[in-house]
Each structure stands twice: as structure tokens, then as C-alpha cells.
Amino acid sequence: MAGNSFGQAFRITTAGESHGKGNVVIIDGCPPGIEFSEDDIQPDLDRRKPGQSSVTTQRKESDTATILSGVFEGKTTGTSIAIFVPNEDQRSRDYSKIFDKYRPGHADYTFDKKYGLRDYRGGGRSSARETISRVAAGTLAKKIIAEHGINIVAYVKQVGHVAAQIADPATITLEQVEANIVRCPDPEAAEKMIDLIKEVRKDQDSIGGLSEMVITGVPPGLGEPVFDKLKADLSKAIMSIPAVTAFEYGAGFSVVEMRGSQNNDLFEPTEDGVHTSTNNHGGMLGGISSGENIIMRAAVKPTSSLPRAQKSVNQSGEAVEISTGGRHDPCLLPRFAPIAESMCALVIADHLLRWRAQCPTQTGPIGDAP
Amino acid sequence: MAGNSFGQAFRITTAGESHGKGNVVIIDGCPPGIEFSEDDIQPDLDRRKPGQSSVTTQRKESDTATILSGVFEGKTTGTSIAIFVPNEDQRSRDYSKIFDKYRPGHADYTFDKKYGLRDYRGGGRSSARETISRVAAGTLAKKIIAEHGINIVAYVKQVGHVAAQIADPATITLEQVEANIVRCPDPEAAEKMIDLIKEVRKDQDSIGGLSEMVITGVPPGLGEPVFDKLKADLSKAIMSIPAVTAFEYGAGFSVVEMRGSQNNDLFEPTEDGVHTSTNNHGGMLGGISSGENIIMRAAVKPTSSLPRAQKSVNQSGEAVEISTGGRHDPCLLPRFAPIAESMCALVIADHLLRWRAQCPTQTGPIGDAP
Amino acid sequence: MAGNSFGQAFRITTAGESHGKGNVVIIDGCPPGIEFSEDDIQPDLDRRKPGQSSVTTQRKESDTATILSGVFEGKTTGTSIAIFVPNEDQRSRDYSKIFDKYRPGHADYTFDKKYGLRDYRGGGRSSARETISRVAAGTLAKKIIAEHGINIVAYVKQVGHVAAQIADPATITLEQVEANIVRCPDPEAAEKMIDLIKEVRKDQDSIGGLSEMVITGVPPGLGEPVFDKLKADLSKAIMSIPAVTAFEYGAGFSVVEMRGSQNNDLFEPTEDGVHTSTNNHGGMLGGISSGENIIMRAAVKPTSSLPRAQKSVNQSGEAVEISTGGRHDPCLLPRFAPIAESMCALVIADHLLRWRAQCPTQTGPIGDAP
Amino acid sequence: MAGNSFGQAFRITTAGESHGKGNVVIIDGCPPGIEFSEDDIQPDLDRRKPGQSSVTTQRKESDTATILSGVFEGKTTGTSIAIFVPNEDQRSRDYSKIFDKYRPGHADYTFDKKYGLRDYRGGGRSSARETISRVAAGTLAKKIIAEHGINIVAYVKQVGHVAAQIADPATITLEQVEANIVRCPDPEAAEKMIDLIKEVRKDQDSIGGLSEMVITGVPPGLGEPVFDKLKADLSKAIMSIPAVTAFEYGAGFSVVEMRGSQNNDLFEPTEDGVHTSTNNHGGMLGGISSGENIIMRAAVKPTSSLPRAQKSVNQSGEAVEISTGGRHDPCLLPRFAPIAESMCALVIADHLLRWRAQCPTQTGPIGDAP
């Protein structure tokens, strides 16, 4: 009811704030026998962590995960798995200047209205620091779906007006994404994005961007009619990430101006079974995976915290000025990829298990693994 | 697990196919004492029903609702409410020509792959006919939120290249929307949309469009961190509707090219309490309602069923031609509004009750009603 | 949240009152391809229905089920299944004498306190008539578990002081149970029970009893640590039935006076694999099925409705007398068996599917069926 | 799906094993503004901990709780609360003698059959050590319900053949329970119980017992028809505790031999509102609280681990002997009270919040607090 769990068959529950003792995630429903250790978790935590490059916030935190339960002799046991990532510096800096002021674009005001009180240290639970738990759990989901040949990659498609040229999203590899600090697989665009982010930072400002997410190797059949369509659950997963304001898959908003005869993807027989000749449907028909690649895009707003002073109000409703210091990401996109991938992986793993419960004769190779 | 329920505190569960006996919805968690009868349900069912105008399918069905339980002496009792809408003509027409062919853009292929069999009569459960249950339940959700001063209106913003001019979405009334058969509150654009839809039909084709949804009167505080953010649940609700391919709220995809200093909405004191001077955040901050109007847009793809013949494959994987007859909506938008409104109302009612469970001292006038 | 759903992977949601239009159940998560028709449902509805013999209430109702959705060409489709059982005589008799009086032992008072109003016609939703939906859905659950070799039988073990002699619960068949109108497989005890029930009715009184439930053919491995233990979910399932006041499995309450050396069932190798030499553990260890027979008992209180006048209070808190007429079951046990069996079947089917989601390599023959 | 969560509106999710790093619980849905600290948790953990007296296991563990999140400046924030209790001695002792042997009465065999592998160190997740998380979360639930005047006390009613004389369960206080090491409020019986437990230990054996649980101050109206009846949820809560084999409330199994005229509790007007003159119904009618005291009993089996050697089989299905060492509780009852109280408190808190969501006008003083 209170919103800190996600998924049904593969289900995560999280807790933790920006300035508390740390972040915890409990994973429930993981199949037994999967090899899993802290070494599987750390790489994605490192991709997410602050201070990793010149285009992210300069705060330094090591974000080291510990598995507290659910893994024995290197393998998942089928019981609940808890992962803890301590906050390194628990001392709160001096918040006396802003504790009663509402930062524009943040959840300070809405948390106060919702609960009647709030943890004013760095946003508390509304801080994007909670995404650590998503990423940690996502690494396990990625392992499960990889055993079924499913792979997820997310990358930066646009920052401000600088758009990448991507010939075929389905061919983009993790290596290409990690080849530069902005995580854009078009090297030329990446350079321009980096320049733009640096320029924006100099202006004491921030900039928005677009992420593209691709899931390959998905068998036809994933997704539940009528409310838990795969497109609906993926949309919720991505929209639940802080700062995301829009989601589309396949042709997305461009269907508005399309005719059915243009938009319809025609089925055709191939040596590799039934496929569609085009992929406007982004890999999902009737909310169920079609076997084509799933392609999605999400808009990420510019960071709300700005070094420059902004007008606002305080808890008493009086006009004030607020400035939130200088160590924020000038652009959220470079650190967005592992978070988006994790949410996609959690949805796919969950739906794999849900499908398996109901349709063992249909899940095919899925029924055999892991 | 199997996806036929939506919501938690105010929860609906649906069943029914295009050619079965009818559609049923069970509503669980409705507060007691709310006046409710079939007269409350019928107007929205009429707005959704086929055959209502020259721009919709010409199939005629009366879609009449019966309340089977949960209402006594005109009031909800607090127990589960079942509503049944029979299918008028249960005789299936001759499906022998298409029963093993996969209609492009439909869920025929994916249902077959998921379940190993399917109800081939009109799409069965994947038919948009299931939205009858959403609309029926939505009328009760609308009554609940109206008691708290919350109102929802959805309308057509664009069809093909014809876009409406809407000065202020928050002022659009149901009357304005219902003033023409395409449900676009800009009368000039509406005329052009109607012309376009008729032209498209003559071409044996279909056309996509854009719907805008506005929720007014929402108090600050609705939505649950971190996964059940209001933006995430609204996104899932809308994306679960057949044919929707994209969702955005507030500035949506346009944040990609914005700077923080442009995008941030500044809080300011007003005579009417704290408000923001602009509304790029579309009424939600940190996924929680801010008290500003909630404004969303959704893209609806062109109808997949076309009168013209299309290439496809059959169940044996052989290339075939398929044509699905002539009585389909050339554009889904005119009948979309009541469905979108219902899903929004279900989300808002659910979150009102969830908030009330946890924060009775914060819910204010909500705590007193109904 | 509001309690009208049961199960997770195989999930039912019910609606309906004693004097409304009828009772509906929606089953979500049923595997596709299972042969299912009204003919499968009716036999158990007949075992449950009023007026079936001289030891039950003399009200006559045919309780005929109609499948509204989810079954196509005789097979389940994997989508949600709705079943409707209309109430035959919807006209409410004259309730003016008791509408504001609280019947002793009934939920009249507690419903009023909970909701602020209630359907006073025959108890509304609190009437045991809602168990029709449980029985209807249970017939499908029984089919699913039967495909895995699992069988459930419930019977009357005791009525008042008359106790049956049952040498081996695991050998009792449905035929033995149905051999007499009280549903006790010990024919001698059955005779005495019938006599006792008739005597009690003459006294304008009612009598309690004990039901024993046996599940055979359960593979080891069903049940989820730590909260959804099989013993916990079976207990909830049985305790949710109206009039049940106690539940035990295996040695049950007799463990209180036992020593560990007596109570422990020792594992031993047999030609048929690992088994325990005794079955004090009633087929569940650590809340997970052990492969031994699951044996449970439930106490059912004497019918609260009595033909004789009883003291009570009315809605204004004034002392009154109430008499509720004469057509009630003098003993609930003869009609209890199909209800108890259904609840057990729902739990087992649900846990089979849940297990299958997580542990496909362990579910063995379960993974192959149905 | 996988069983590590309990509750809906006030929901806990747990993880942890006997020999892992420790036990974690995440509490979701707690109202904001409740004063809560480790000092609230510790007393009940101390009542549960091993080594506390001469009638429990002699293992010594301090079981110290740390709140990781969800509490700020001494008050709950409304966001998820994580509590961690580390295992003090993580070094596993030598399990080479028993790692492949199935301990009688334990879940070793069933876990192996369920998951295909298991953590053989002390039972892993099937160890009663997981109840630490239940007790830790229960202390918060107790605070919430105490604000509404609701109190829970559990005590030992019988050990072996030694039964306590309790004149009125509703008058028993925590002080009386804590007055002796066996937690039986009848001092004479307590002495005999202690003697019996010591005798049993000398015999290298164990002994079962009976716990009685009393909830006072419950307003009428708690519990959800039809599946989530208060009696059903309390039953599941108690039956989910390791070693519990039977549950009853009110007259319980004694209704079997009762007539309706004896069993019915008659309503009567009193100065303090409507009450029943007797309480055979144990405070629940139709599964909803009546305002009378809720009285329940649970049977707890004798400890399965015995110092003496027992026959069993190993993983290969061969006959073996197993002895599990000497530091086990000879009787589980003395440490049972805080666990049972916690489970009851979790159910009551959950149902309070669920009721509040649906019926704000009925919850009365509940609507105002906390």
C-alpha cells in the first residue's frame, strides 16, 4: 500500500534515505541455485555512483554492497535476499539554512503536505539515492534473464539539443555505451554532449536529456492482460524513477500522425520463425512481447538543484531565496543508464516468473532454466 | 499475478471477452454510504459505446449495466460491488476465414504464443471491449473523488496532423468536450478532425491521435514514494489501455531540451496558499501531487483493423492475406475520453484511500468524507 | 485490502449477497487448456445447496452456475474466468420485524459498527450464501490439482457428542462420504448423528460439530517460508469459512502434552522413497508439505439462527426479543464438506503455481502439467 | 508470492537466517509522527532472546536492534522503516556431521525437496531465529495500537499436563506474565512447569505446551469480510509461527459439543454501550471484532531438536542416526509470548489502517490518531 515494493513474483522492497544509515533492499521470489555475490552487484553500483567522472556531481561515495542473507555457498537459496549499502558519511552537514525552505522542483513541499513532517537532509527518502537499491536488485534480475538469453542496454540518446545518431538500437553493446563518460554510443555526439554539460555547469544551470532502452532476446509471450501489460509495467517502472517525465515505446508519440497502413507491422515467415518486417510496435502487441526487440525512450528533466539562488517559499508560506550548494549533477543522464536497465530487468524477471506459474507448457526453454 | 486486477485500496478485477456472455467487474474497497445506481454508470458507457456517431464504428450495441451486488437501498454497503454488462449478440459470426490468421497490430500472435490457444472471435480478452468494465467502475471512482472536489476531463488534442488550440487545459469542461462527436474542445479543429477521419475511412485506412487529460482539485499529498508515485501509477493506468503507445505529463518530452532554470517551477505565496508560478511539473513533484493541476498526454495508435487486405502469416507460419471486414473505428480517439478518465479516476480514488489509511491527520477534508 | 480476494497466483475475487441478484466469482491465473464447463461445477454446488436432505434447512434453491467468460470451446483460455450463480428468489421477505435488531451470534452488530449501515436481508454479504462462489471456484482448483494426483476429501467426524471411528483418514473416499446425508464415512455414527440433528431441531435448537479434511498425493515442497507456510494458508482458508472457530493439523492440540521423543516423526527409507514412520506432523514440516498425507480438523459452531426467541438489542441499543423463523440448518456440518474441500483446493492450486514460478527444476511432474 | 511479507496496509517484509549476517525487517505503511527508537524494540527482543533463564536454551546472544531508516529526529517519517539485528557469531560451527542428514521434525527435508539445496547451518531460513524480525516490527505495531487503547498479552497456559488456573484472561497483565521465567501468570502452576521442563531436559527430551493470547480494548468493526476476517488473519498469523500446530478462539473446539442455545452470546444494553453477556465468540462475530475481548489459544509442539540420537535418513535416502547437540530449548513456551504478541499486534495494526482507508466516518477515535 505504501509504495516501497515493486514486482509480484520477483518482488523487491526497499528502505533508506540520503542521510540515514544506508539503503536496504529485500528481494523475494528469486529462484534457487543462481550464482550471486557482491562481485555481481558492484559493477552496476559503480556505474551509478556519484563522483565517477567530470560530468557528474563531484561528491565521492564508494557505495559498497553487502549481501546480508539469502545466498549460501555462492548460490541463491530461494529464500529472501537482503542487500545493504551503507551511507558513507552519515554526518549531516548544516541544514539550518534550508531545513524549512522548499527547494523548487523537489519533493520537499509535497512530502510535508503528505506526512506533516519530513527528513530535510538532502531530501531523505525522496532523494535519488534510493535508486541504489534498485540497481543492486537489478543485477540479480539481469543474471536471471541473461540465462534466458535476454539482454538490456540503456544509453543517452539526446542531451539538450544534441542528439545521437543510432542506426540500429538493437546492436548497441554495453561496451559502446561505456566507451565514454556520458554513456552515448555515438562518439561524435558524446563529445558535444560533454561540452554542453560542462558549459551548463559553468552557467550554474542544468540540462535535460533523453534515454533509449533496448531489450533483446525476449521470447514472445511475456506480459499479462489486461492491466499488467508489459508496456504498462515497463512504463510504470521507468516513470517511477526520479526526474522521468515521459515514456514511449516503438513509434511512440509519432503514431499520432500515422495511418494504420503505415503503422501496422506485417507478420512474415522467416527462416527464424515468424517475425514482423518493421518494428513500429516496439516489440509488444496487446501488451505482450512479440519476440521483436523492445525499444523504449524516456525523458529526464534537468536537475532541479541549481547552484544559483532561486525564489521559493518556506514552511510558513513566506517568500524566501534558496540556494542548494554546488555539488549536483549538471545533467542526470550519464548516471541514468544502470538505473533504467535495472528497472527493465526487474519487470522482465517478474513477468518471466509470472508466466511460468501459469503456462509451464508454453514457457519452453524458460521452463527449464535456471 | 495474472493481471486482471488494478488498484490496491480501491481495487477492481475484471473478466469478459468480445464474444462471450458479457463483461463483469468487481470493485473491492469502496467506502460505504455512497449513492450509486445504474443511472450513474450509463452516461459514460454511452460515451464509450460503438455506433454513437458517424466517426465511430457503425456496430450498434446498447451496453447496459446491471449492478449485481454491493449496493443496498441505493447506497454502497462497503462490501464488494459487481457490475455486469451483457454482450448483446453472443452469436459469433463466421470466423472460419481468419481463425488461424494473425491480424497485424493485434494480439492474436502474442496470445497464441503466450497461452498456446486463443479465443479467435474478435480478439477475445484482447479486444478493447474489456474497457467497458473500466468505464463502469470508473463512474464510481469519479463519484468518490468528486466528493473531494476532484474532477477529471479528457479530450482529443490532435488527430493526424490536425492539432487543437487549447489555451488553458484546466478550464476545459465536459460540456465543451461533448459539444462535438470527435470530443475536441476546439470547435474549429474538431471540424477538421471529423473531415480527416471521414477521409481516412474512405481510404480504407485509419489514423492515430493524441489525448490530453486534466485532473483539477487534487490536494497536495497524493502518491506513494518510491515505486507507486502518482506519475508512475497514472502512467501505468493509461499505458494499460489498448492502443496507447506513449505517455507524458507536464512538460513531458520537451524537458529534454530545457535547462533547469527554465524548467523549475518556483513556489510563491498566494492568497490561496502556496502555489507554483508555472506548471512544467504537471502537478506532481517527487511523484506526489503538488496541488497544481495534473496535466497528461497520451498517444493512441491508428486502429490496427483495416478494411483493406494486409499481408500476414497463419498459425502454421505460412504467408497469407487477411482482411478483417469493414465495421471498425477509423480513429480510436472519439471514444477514448471516457476510458482515459476512468483510469485516472481509479488511480486517484485508490491513492486517496491509501493516503487516508496511513495519514489520517494529513488528509484533512478527505478524512471527513464521504 | 477489503478482503474479497483469496490466493495469489491462482486468485479468486467474489461478490454477492444472500438477497441480491446473485453471487459472482472471478478466477484469475488459471492455466490455459483445462477442460471446464458448468457440468464440472454443478455437482459440488448440489452438495452445498440448501434443501438437499432432511437434516438441512428446508429452503429450496437450485443454485445453477453460468460461466460468463474465460472458457472457449470447452477449455480455459488463461484469461480471467467469471462464474455467476443467480439468487432464485430475489424478492426479500418482510424484514420489518428484525431490520434493526441484532441477531445473536451473527454479524449484524459488527457490520453496523464497521460500515455504519448494513443489508439486513438475511445477513447480506455476511450470509454463508457467499460460500457458493468458493465452491464454484473450488471445482476448477480441484481439476488442476487432480492432474497432479492430488485429492481432497472432507467429512463429518463428530456432531455434538457423537464421534465417528475413522481407522485411516487417508483411505476415505468421496463415495463413502456421500453414502449418507450427514456426510460421515462411519455408517453407525452417521445414523446417530442424524438422529441427534433431528432431535436438536425438534428442540428448536442447533448443534456444533467437527470436520476432518484429508489431502492425499501432495508432493513434498509446497508452501512458502516464512509467513505463507502451507499450514498458515490452510488455516486461514478454513478459518475464513463462516462458523469455524478452531483449526488444527496432525497431532494438533494433543502436542501440548507430548514429549519431543513421542511427537517427532522419524524419516525412514522405503521402496517408495523417503517417508516418515508416523504422521504427527500432519504432512507439513516447517510449513512445507513433506509428501505425507495432510490431515486437518476444524470445529464448526452450532447455527446461530434459532427458531426460538432470543434476547438481544436493537440499533438504538434497547433490549428486544428476536426470533428468526424456522428454516435454518439445525447443524452446519452436512453441507460443510464441499466448502472445506474448495478452500483446501484453492490453497493447494495457488501454492502449486507459486512454487512453479520460482522453482521450475524442482516441481518435477508439476512442471509438465497440465 | 514467495511468502516473506505479511500484512497489507501495515506490511512487513523479512530476510535473514540463523547463521547469516543477521536479520532484517522492512516495515511499510507506518503512519508518520510516531515516536520510535531502539529503546522501544529492545525489551521485547530481550524477552525473546536465547539464554535468558534456566528453562531456555543456554546459547547467549545479545540480539541488539539498529534502525537503519524511516525514523528522523525520533519520529517515524511515513517512509519505509528498516531494522537490522546482526547475528553475533557468524562463524558456523562444524556441520560436517549433519549437513546431509535430515533432522526429524525440522524443515531440512522439505527445504531440500522444495529448492533443491538448502543452508544446512542451523536450519537457515527455517530456523526460528527469523522471529526476531517479527518481534522487532511488532514493537512498532504495539505502539500504534496502544494509542488506540488496544493491548495484547500472551502467556503460558499449559506445559505438558500442568495447566494454569486463569480466572479471567482479560485481567492478566504483562507484569504478572513476566513475574516468572516460564511466563505463566499462575504462580503455582509456573513452579510445576519449571520443574517439569527441567526434568524433561534431564531426560534429553522436550515438551509441548499451550499459549493463551488476549487482546483488550479492541473497538467493534475490525476485520474484512469475507476472506480477511479478523479470525482468519489472526489464525494465519499465529499458525505461521514455527512449531504451532493448532489455533482456536473463544469457545474453540468446545463448540463441537455445544448447542446453539448454549453457545450464542446474547447482546444486552449496558451503561457502557452494547455488550454480550458471555464471550463464547471470543470477541469476533462474522470475523469482525465485536468490542468484547479477543481470546485465543495456540498449541506449540515440543522442540524437535533433541540431545539424544534419533533415526533418520540422509540426502541419498540412506538410514542414518542424527544427534543435534545439547543447546536447545527443552520447551518453546517461555520464549513464545513476545512472538505471539507481535503477530497479533501486526494483524490489529494492519486492520486498523485498512478499516481507516475505507470507513473514515466509522473509525471514530481511530480516525484522529495518531
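By written order: A, B, C and D. Residues from 1 in each chain.
Keep in mind that, in the parts below, contacts are C-beta pairs under 8 Å (C-beta built on N, C-alpha and C of every residue); 3 or more make two chains touch, one makes a residue touch a chain.
Bear in mind the structure is a predicted one, so any value in this text is a computation, not a measurement.
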{"item": "Set of chains adjacent to subunit A and to subunit D", "value": "B, C"}
{"item": "Selected from B-D, B-C or A-B, interface repeating A-D by over half of its contact pairs", "value": "B-C"}
{"item": "Subunit C and subunit D, separation of their C-alpha mean positions in angstrom", "value": "26"}
{"item": "Between subunit A and subunit C, centroid-to-centroid distance (C-alpha), Å", "value": "45"}
{"item": "Where subunit A touches two or more other chains, by residue", "value": "1-5, 8-9, 14, 29-30, 32-33, 78-79, 114-116, 125, 225, 353-354, 357-359, 361-362"}
{"item": "Of subunit D, residues touching subunit B in the complex", "value": "1, 8-9, 29-33, 78-79, 225, 353-354, 356-363, 366-370"}
{"item": "Subunit C residues touching subunit D - in the complex, by the definition given at the top", "value": "1-6, 8-9, 14, 102, 104-107, 109-111, 113-116, 123, 125-126, 130, 158-161, 200, 203, 205-210, 219-229, 231-233, 235-237, 239-240, 242, 244-269, 273-274, 276, 281-282, 284-291, 299-306, 308, 310-313, 317-319, 354-355, 357-359, 361-362"}
{"item": "Subunit A contact footprint on subunit D (complex, rising order)", "value": "1-5, 8-9, 11, 13-17, 20-24, 26, 28-30, 32-33, 66-70, 72, 75, 77-82, 84, 114-119, 121, 124-125, 353, 357"}
